[in-house]
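Each chain carries a letter (A, B, C and D) given by its place in the written order, and its residues are counted from 1.
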Amino acid sequence: MALRILQGLLPFLFILGLSPLLVGLINKQKALLTGRTGAPIWQPYYELIRLSRKETIYAKTASFVSRLAPVVVFSAVLIAGFMLPVGYTRPLLSFNGDIVVFAYLLGLARFFQIIGAMDIGSSFEGMGAAREATFAVFAEPIYFFTIGSLAFVSGYTSLYEIYLSIRLDNPSSLVFIIVSSISAFFLMVTECSRMPVDDPNTHLELTMIHEVMILDNSGVDLFLYQYSSYIKIMIYGIYEVLFFNPFGMQNQWLGFSLFIVLLLLLSTIVAWVETMIARLKMKNVPQYLLFATAIGILDLLIYTFVK
Amino acid sequence: MENVLSILFCLTLLYLVITARLKTYVGILRAQGILLSVIIIFPFLRHLSVHILIIPLMSLIVKAVIIPRFINKIIIDLDVKRIIEPNIQPFNFLLLSVASMSVIFIMSHVLSGYTPIETIPFASAFSAIVIGLLLIIFREKLIVHVVGFLILENGIFLFGTSIAAEMPTIVELGALLDILVVVFLMGIAVNKISSTFTEQKVTVLGGLKD
Amino acid sequence: MEILIPLAILPVAGFIACYFVHNRKAQYIISLSAAVVHLACSYLIFAEIIIPAESDLFRFDALSRLFLLILSHVYFWILLVSYSYLNRPAMVKEEKSKKFFFAMLNIYLLANTLALISNHLGIFWVASEMTTLSVAPLIYYYRDKESLEAMWKYLFLVSVGIAFAFIGFLFLALSAGKTVLEGQQLLVSLFTLHAKQLNPIWLKASFIFVFVGLSTKIGIAPMHTGDIDATSNSPSPIAALMAGSLRGTALLGVLRVYQIMAPTSTAAFARSIMIIGGLVSLFAAFVFMFKVNNYKRMIAYSSVEHLGLITLGIGTGGIAFFGAMLHTVFNSLTKVVLFLNAGNIHKAYRSREIDSVWNVLQNMPWTGWLFMLGFFAVIAMPPFGIFFSELMILQGLLSRPLLLAAVLFLLFFIFVGMSRNVFRMLYSNSPNNHAAAIDDKFEITHFTSLVLLILLVILGITMPPQLHSVITQISKDFGILL
Amino acid sequence: MDYLFLIGCSLFIIGAIASVLIQPVRKALSFFVLINTLAAAINLIFAIKRLIELPQVSNLFPVFPQYASMFRADGLALFFLLIITTAAIPTVISTYSYLKHYIHKETSVRVFIISFSLLLLFTQLLVFANHGIVFLVFWELMTLTAYLGMLLEKEKEEVQKGSFVFFTATHLATFFLYIFFFLLNDNCGSWLFSDFHISSASGTVFYLVCLFGFLGFGMKAGFMPMHFWLPWAHPIAPAALSAFLSGVIIKTGIYGIFRIIEFCSPLPVWMGLVILTVSLFSAVFGVWYALAQHDIKELLAYHSIENIGIIGIGIGLGVIGITNSIQPLVWLGFGGALFHTFNHAIFKSLLFLGSGVICHNYKTRNIEKMGGIVHHAPWFVGFFLIGSIAISGIPPLNGFMSEFLIFKGFFNGAAALGEYYPLLMLLMTAGLAFVGGLALMCFTKINSIMFLGTERSRLDSFKVSRTDHTAMGILAFLCIFFGIFPQSILGIISSAVTLSRNELDMHPYAMFTRWEFLTVIFAGVLLIVMVMIIWKKFSTKQRISDAWGCGYTPQTPRMQYTASSYADEINSIASHTLQIKKHAILPKTMFPKKSNFVSHSEDFSEKRIAAPVYNYIVSKINSFDFLSKTDIRFYISLMLVIAVIYSIIAIIWP
C-alpha cells in the first residue's frame, strides 16, 4: 500500500516539479527558432521564486474574491494533476468517472479565475474574462470529444484505464487516435492560452486573454497564477502525449522514457507552431474551436462506422 | 262547419297581411276572438250545459272585448300614427305569407296521412302562428308587435281546439288570464316606452349590447 | 294535497298581505316567514321525511324535489338580503317599484313552485308564463331606459318562447293519437308510462318546439339574449334569483319532455339536439366573454356557459347526466354569490362598465375577496363544487373525443376571457390615481355569500347521501344506470 | 410514530388559521414562520424515517381509515416530500424578513401567509395522492394558492400580467391532465394510481395517454417550448414564493412525469430518445436565454428551464434503461434525475432568496444597475457564490454530483447498449458539457456584475437581515455537504428509485464508483485552499493601492464591463436563433460622444407560438359581431331559423 501511494506521489512530484521546466523549454526553443539566444530554460523557476518573495498588492476595489481566487485555482489544478497517469504509473486518484471530475475541476479553476479577474472591476480584465469564458464554452465539448470518445469506445471511465486501453495495432483506431490527438492539441492551445488563440508574451492589453486577467495580481497571487498555468501546460501536455504510448503497458521503464521523449517533442511542436502561426482574430477563435469540435465528431463517426 | 270557420280565420289573416291601418288590426283581433269562441263551442253543442259554456264565454270576453278595447285605448292615448309604414314591400310580404301558408297547408295535408288531424283547422292555426311571427319580424311599431303576439296566441288556441286536447278548466282559465296579463303588461310597457323614448318603435330599443 | 298549503297557499297569502300592508319591514317579515316555511317544507320533502300524496296534477318525484329545494334555497337567501338591499339610498323613481317588490317575490315563489311540482304540462305552462309575468316588473325596478328595454325584450321574447313551448306540448298531445293516451290529459307520469306507443314524428316536433321555446328562458344560445339583458339590468337580488332558480324552472320543462322521450326511439334525437344547443351556448359564451364590457352581463354569459354545460351533460347521458344535475345545484348557488357581490360593486362604483371599476380588492376588501372566491368557484376551481360536477360532465364526454376537445377548448378560452375581465376589475390601478372613498362594512350580503361558498365547498367535498340518492333516483327515472 | 405526518399537516393548517386571527400582523408573521418551520421539520423527519426503513406502502392518515386508499406513501412520493420540506424550511424562514417590508399592507401580508402555508400543505399532499380526482384537486389548489401568493404586490402592472399568465398557463396544463386521467380511468376502470397500468398493447390510447401526460406535466415543469409562462411568473412572485415555485412546484411536473413512466410501462425506446432530445434542447436554450437576460429573477427562471432539461436528460436515460432492462442505467438515470431535482431545489431556492434580498435593497431587478455589493455584505455574497457554483455544476458542490451521475449514465449506457448508442451518448455528453460551460459563463457574469467591482448606481447601505443569513446559510451548507458527502443521500435515492419501481433492492448500483475518492478530492481541494490562505496571511506582506489603470487615471464605475458586453461575446454567435436585439450607439468620430450598448432577447415560444395563437383566436372572435345585434326582431327570426334547422335535422334523422 505504501509503495502504491509512493508510486502515486511520484507523478505528482513530476508535474509539480517539472512543469516550469517544460515552459522554459518551449520558450527556449521558440527563441532559437526565431534566431535569438533566449532566456535559460530555468527562467520560469527564477520568476516563480521572485514572485513568491515580492509583496502582494491588492486594488482598492478588490474583495475577498480576488484573495481567494488564486488559491482555489492553484489547488484545483494541482488536484486535477493527481488524476493523470504519468508514464503509466497508476495515479493516486483513479476511479470510475474521473474523466468528468478532471474536466470539472479545471472548470472550478476557470470559474474562480474569471470572478477573480472581474473582482477588480477594470474593463480590461472584464474583456479577458469574457473571452476566457466564451472560449471555455467551446473548449469543454472538445475535451469530451477527444478523451471522452475514447472512453465511449473503450467502455472505461477512468483516465488511467482509458489510456491503457489504447492499442495501435488496429489501423482504424490508429486513425482515430491521430485525429483526436489533433483536436486535443487545439484544446491544449486554447486552455493554456498559447498561440494561435492567445499570445503569452504580448503586452497590449486589448489582445490578451490569460495575461490580461491577471493584470492586477502581484506577488504571491501572481506566483500562484503563473505556477498553475505552468501546471496546466504540463497537464495538457501529458494528456496529449499519452495518446501515443502503446508501450506503456508492456514495459514500465520503456514506457516512461518514451513518455519523456514525446513530451519534449510536444514542446518543440508547440514552439514551432508559435513561431510559424500568427494569432487569430478574437472573433475567429470560436470558429477555430468549432472546427476542432467538428474534427472530434468526424473522428468518432469514422470510428463508429469503421469498427 | 269547423273547417268553414277555420277558412274564415285564414281570410282574416290574409286581410291582416295586406292592411296598413291599426284600426283594422284591432277589428281583426275582435273578429278572430269571436270566431275562436264560436269554434270552441261546437264540440259542446251536442250536450250543452252551463258548466261547459264557461270557457267559450270567458274567451269571448277576453279575446273579443277586453283585449281589443285595451289596445284601442293605448292607440288613442298615445295617438300612434294610424298608418303603419312597413319596412318591407306590402306585395312581398303578402307573397311571403301566402307562400308560407300554402307550404303549411301542404305539409299538414301530408302529415294528416300519418296522424289523425283535421287538415284545415290545423293548417290555419299554424299559418296564424307563422303570420303572427312574420308580423313581429317585419313591422316596427311595438303596438303591432303586441298584435302579432296576440295573433300567435290565437293560432295556438285554435291549434289546441283543432287537435282536441282537453285541458282542465282551471288550466284553460289560467291560460286566458296569463294572456290577459301579458297584454296588460305589454301595454304598460309600450306606454312607458313612448314616454321614455321618442317614438314607439323597436328601433329605439338598441341600448343593450356588448 | 295538504302539502300545497305551505308551498302554494302561503305565498298567495303573503302576496295578499304584502299588497295591503305598506310597511316595508312588515312585508319583509311576512315574506321571510313564508320563505322559511317553504324552505323547511321543501327540505323535508327533499329528504323524504314528508312523502306527499301523488295527485295527477302534482307530483313529487326526485326531479321535482331537487329543483324545489334549489328554488326555495335560492329564494330564501335572496329574500334575506333584499330588505337591506331595499334600504340602500336610491333614486326617487325606485321608491315606487319598492312597493311591489315583496308582493311580486311572493308571486314568483308561487309560480315557480307550481311549475316545479306540476305533473300536468298545461299547469307547467301556465305557471311558467306566470313566473315571467311576476319577474317582469321586478326587472323594471330601476325604471330607467335600460331596464325598460330589458323588461320589454324579456317579456316579449319569453312570451313568444313560451308560446312555442305550448305548441310543443300540443304536439305531445297530438303524438298520443291512436293510442291508449288518446284524449287523455297531458300528464307526464301517464305519458312516461306509455311512452313507447307515442308517435315519434310528433314527439320530435314537440321536443324541438319545447326546447327552442324554453331556451329563451333557460338561456340556451342563440335564444339567450333576452335573458342576458334582463339579468344584467335588474337589481342584483333579482338577477341572482333569475340565474339561480328561474332558469332551472325552465330547464325542468325540457327535462320533463325529455323524460317522456327517454325510453322511446327518439331519445337519441333529443340528446343530440341538446348537445348542439349546449355547444352553441358554450360558443356564444366564448365569443361574448371577449366582447363584454359590463360585468353583470359577463356573469350572465357565464351562466349561459354553465346552462350550456348542463344541457350538454344531459344530452351526453351517463355520468355526465349525473354531473349535470349536480351542476344545476352548484351553479345556482355560485351565481347568487357572484350577483350579490356584483351588486355591491355596482352600488359602490355606480357603474356596470368593467373599465370604470378598479382595484376592488383594495377599496372594498370583503366584496372583493368574496367576488374573487365566487369567480374561482364559477371557473371550476376546487374545492368548490362546480369543479367536481364539471369533471363528471367532461368525463362523460370522453366517449365523444372531438366534442370533448371542442368543449375543453371553449371552456379554456371562456376561462381566459372571464378571468381577464375579473382581474382587471379586482386589481387594476385606478385610471386617475385617487383612492376611492368606499365604505365596505360586513353586511348581510357578505354573510350570505360566505355561507353559500362554505356550503359549496362542503357539498363538493362530502357528497351528502340524500343528494346522491336523489340524483341517482333522477338518473334512474331517465333510464340512466350508473 | 405514524402520526408524524398527520401532526405536520395539521400544524400547517393551524398556521394558516392562526395567521388570520392573531393581532397584530407582525405577531402573526412570526407565529407563521415558527409553526411552519416546525411543521416542515416534522414532515422532513417523517420522510427521512420512512425512506431509511424502506416501508411498505401503508396508511398515511391513521385517524381517517376511510381515506386510506386515497393516499399512498411510496418511495417517489416520500423523496419528493423530502425535497419539498427541505426547500420549505429556509424559504419560510426567509419570508420573515421579506414580509417585514410589506407589513404596512396588512391584508396582503395575511393573504400571502395563508396562501403560502396552504401551498406548502397542498404540495405535500399532492405527491401522496393516490386517486386521480384527489390529485387534480390538490394540483389545482396548488396553482390557486401559488397564484394568490403572487398577489402580494398586486398594484404593480407586471405582477398583474405575470400572475395572469401563470394562472392561465397552469390551467391549460390542468386541462391536458383531465384528459390524461380520464383516459387512464377509462382504461383501467379505477381512479387509483395503484391500479393505473397501461401498456403499448392497448394501441392508440397508450400513446394518447403519454402525449397528454407529457403535455400537462411538461408544461408545469417548463420544458421548452412550453416554458413561456416561467419567465413571466417567477420574476413577479415574492422571493420566497418564487424560490418555492422554481424549487418545488415546477418539480411536481417532474413528479408527474415519473408517474407517467410508472403507469405507461414500458415506454417505447423512441419516446426515451424524444425525452432526451427535448430535454437537451431545453437545457441548452434555457441557459442561453438566461445568458441574454439582465433581469436577475428572469435569468434565474430561465436557469430553472435549463435544470429541468438536465433532469429530463436523466429521466430519458432511465426510460432507455427500462426498455432495454439495464438496471444500472435505470438507476443512474432516475437516480441522477432525482438527485438533481433535490439539488436544484436547494440551490435554486438559495439563489432566489438572494435575489429577493438584492431586489429589496436596490429597488430594481436589472443587474446592470448593481455592483460592488461584496463590499457591503461579504457573507451574503459568499452564500450566493456557493449557490452559483453549485448551479453551474462545478465541484465540489452538489450540483456537480447529480450531473456526475448523469454523465456516468451516458458512459454506462453507451457501454451497455452498443451499436450507435455511443455516438448518441457522446453527443449528449458534449451537449451537457456545453450547457455547463454556458452556465459557468452566465453565473460568472451575474456574480461579477452584481457583486464585484464598484457600485454602478449609488448604494448607501445593503441590509441583509439575520433570518436571510440563516436561511441562505442553511442552503449553502447543504450545497457543500451533499457535494462532499453524496454518499449520505445516495442510499435514500436508491430506496426512492427502488420503491417507486417496486423492484429488487438497488443499493449495489449506488456503489458503481468509489465515492470516497470524490470526498478525498474535494476535501483535498478545500484543505489545500485552507493551508494556502493561512500561508498567505502570515508569510507575505500586503499592500492596498489603486487598480492598474494602464495609462489612464483610476477607474470609474461606468468603465466597468457591463453584463451586455460580457455576454455579447457568445450571444453574437446565436443572435439569430435567440432573437437577441442589440441597441448600440457606437463612437464614430475622433472625439467620441455619448455611446452605449444594450441587448435583450425575445422568447421564441412566447413571441412565435403562444402570443400569435392567442391573438389569432381573439381576432377571429371579432368576426362574430353580427351576433351582437340588439333588435328584438332579429332574435325572434333567429328563433324561427333555429326551429327550422332543428326540424330539418329531425326530418333527415334516421
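Heads up, the rule we're going with is that contacts are C-beta pairs under 8 Å (C-beta built on N, C-alpha and C of every residue); 3 or more make two chains touch, one makes a residue touch a chain.
The structure presented is a predicted model; accordingly, all values stated were derived computationally and were not measured.
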B-C against B-D, pair bridged by the larger set of C-beta contacts: B-C
I'd like to verify one number: the distance from the centre of chain B to the centre of chain C, where each centre is the average of its C-alpha atoms, in whole angstrom. 31
Where the centres are mean C-alpha positions, what is the separation of chain B from chain D, in Å? 70
Cα centre of chain A to Cα centre of chain D, whole Å, reads 36
Just the number, please: Cα centre separation of chain A and chain B in whole Å. 102
Contacts with 2+ other chains: residues of chain D: 628, 632, 636
Quick one: which residues in chain B touch 2 or more of the other chains? 133, 136, 145, 205, 207-208, 210
Junction residues of chain C - those touching two or more other chains: 152-153, 156, 160, 288, 291
Pairs of chains found to touch, sorted by chain label: A-D, B-C, B-D, C-D
Mind pulling up the chain B residues that touch chain D in the complex? 133, 136-138, 145, 202-203, 205-210
Residues of chain B touching chain C in their complex? 111, 114-117, 129, 133, 136, 142, 145, 149, 152-153, 156, 159-160, 163-168, 170-171, 174-175, 178, 181-182, 185-186, 189, 192-193, 196-197, 205, 207-208, 210
Provide the residue numbers of chain A that touch chain D in the complex, in ascending order. 52, 55-65, 67-68, 71-72, 74-76, 78-79, 82, 93, 95-98, 100-101, 103-105, 107-108, 110-111, 114-115, 118-124, 126-127, 129-131, 133-134, 136-141, 143-145, 148-149, 151-153, 155, 157, 205, 215-216, 219-220, 224, 286, 293, 296-297, 300-301, 304
Residue ranges of chain D touching chain B (in the complex, touch as defined): 628-633, 636-637, 640
In their shared complex, at which residues does chain C touch chain D? 152-153, 156-157, 160-161, 164, 204-205, 208-209, 211-212, 216, 222-223, 225-226, 269, 272-273, 284, 286-288, 290-291, 359, 361-362, 365, 376, 381-383, 387-388, 391, 394-395, 398, 404, 408, 411-413, 415-416, 419-420, 423, 427-429
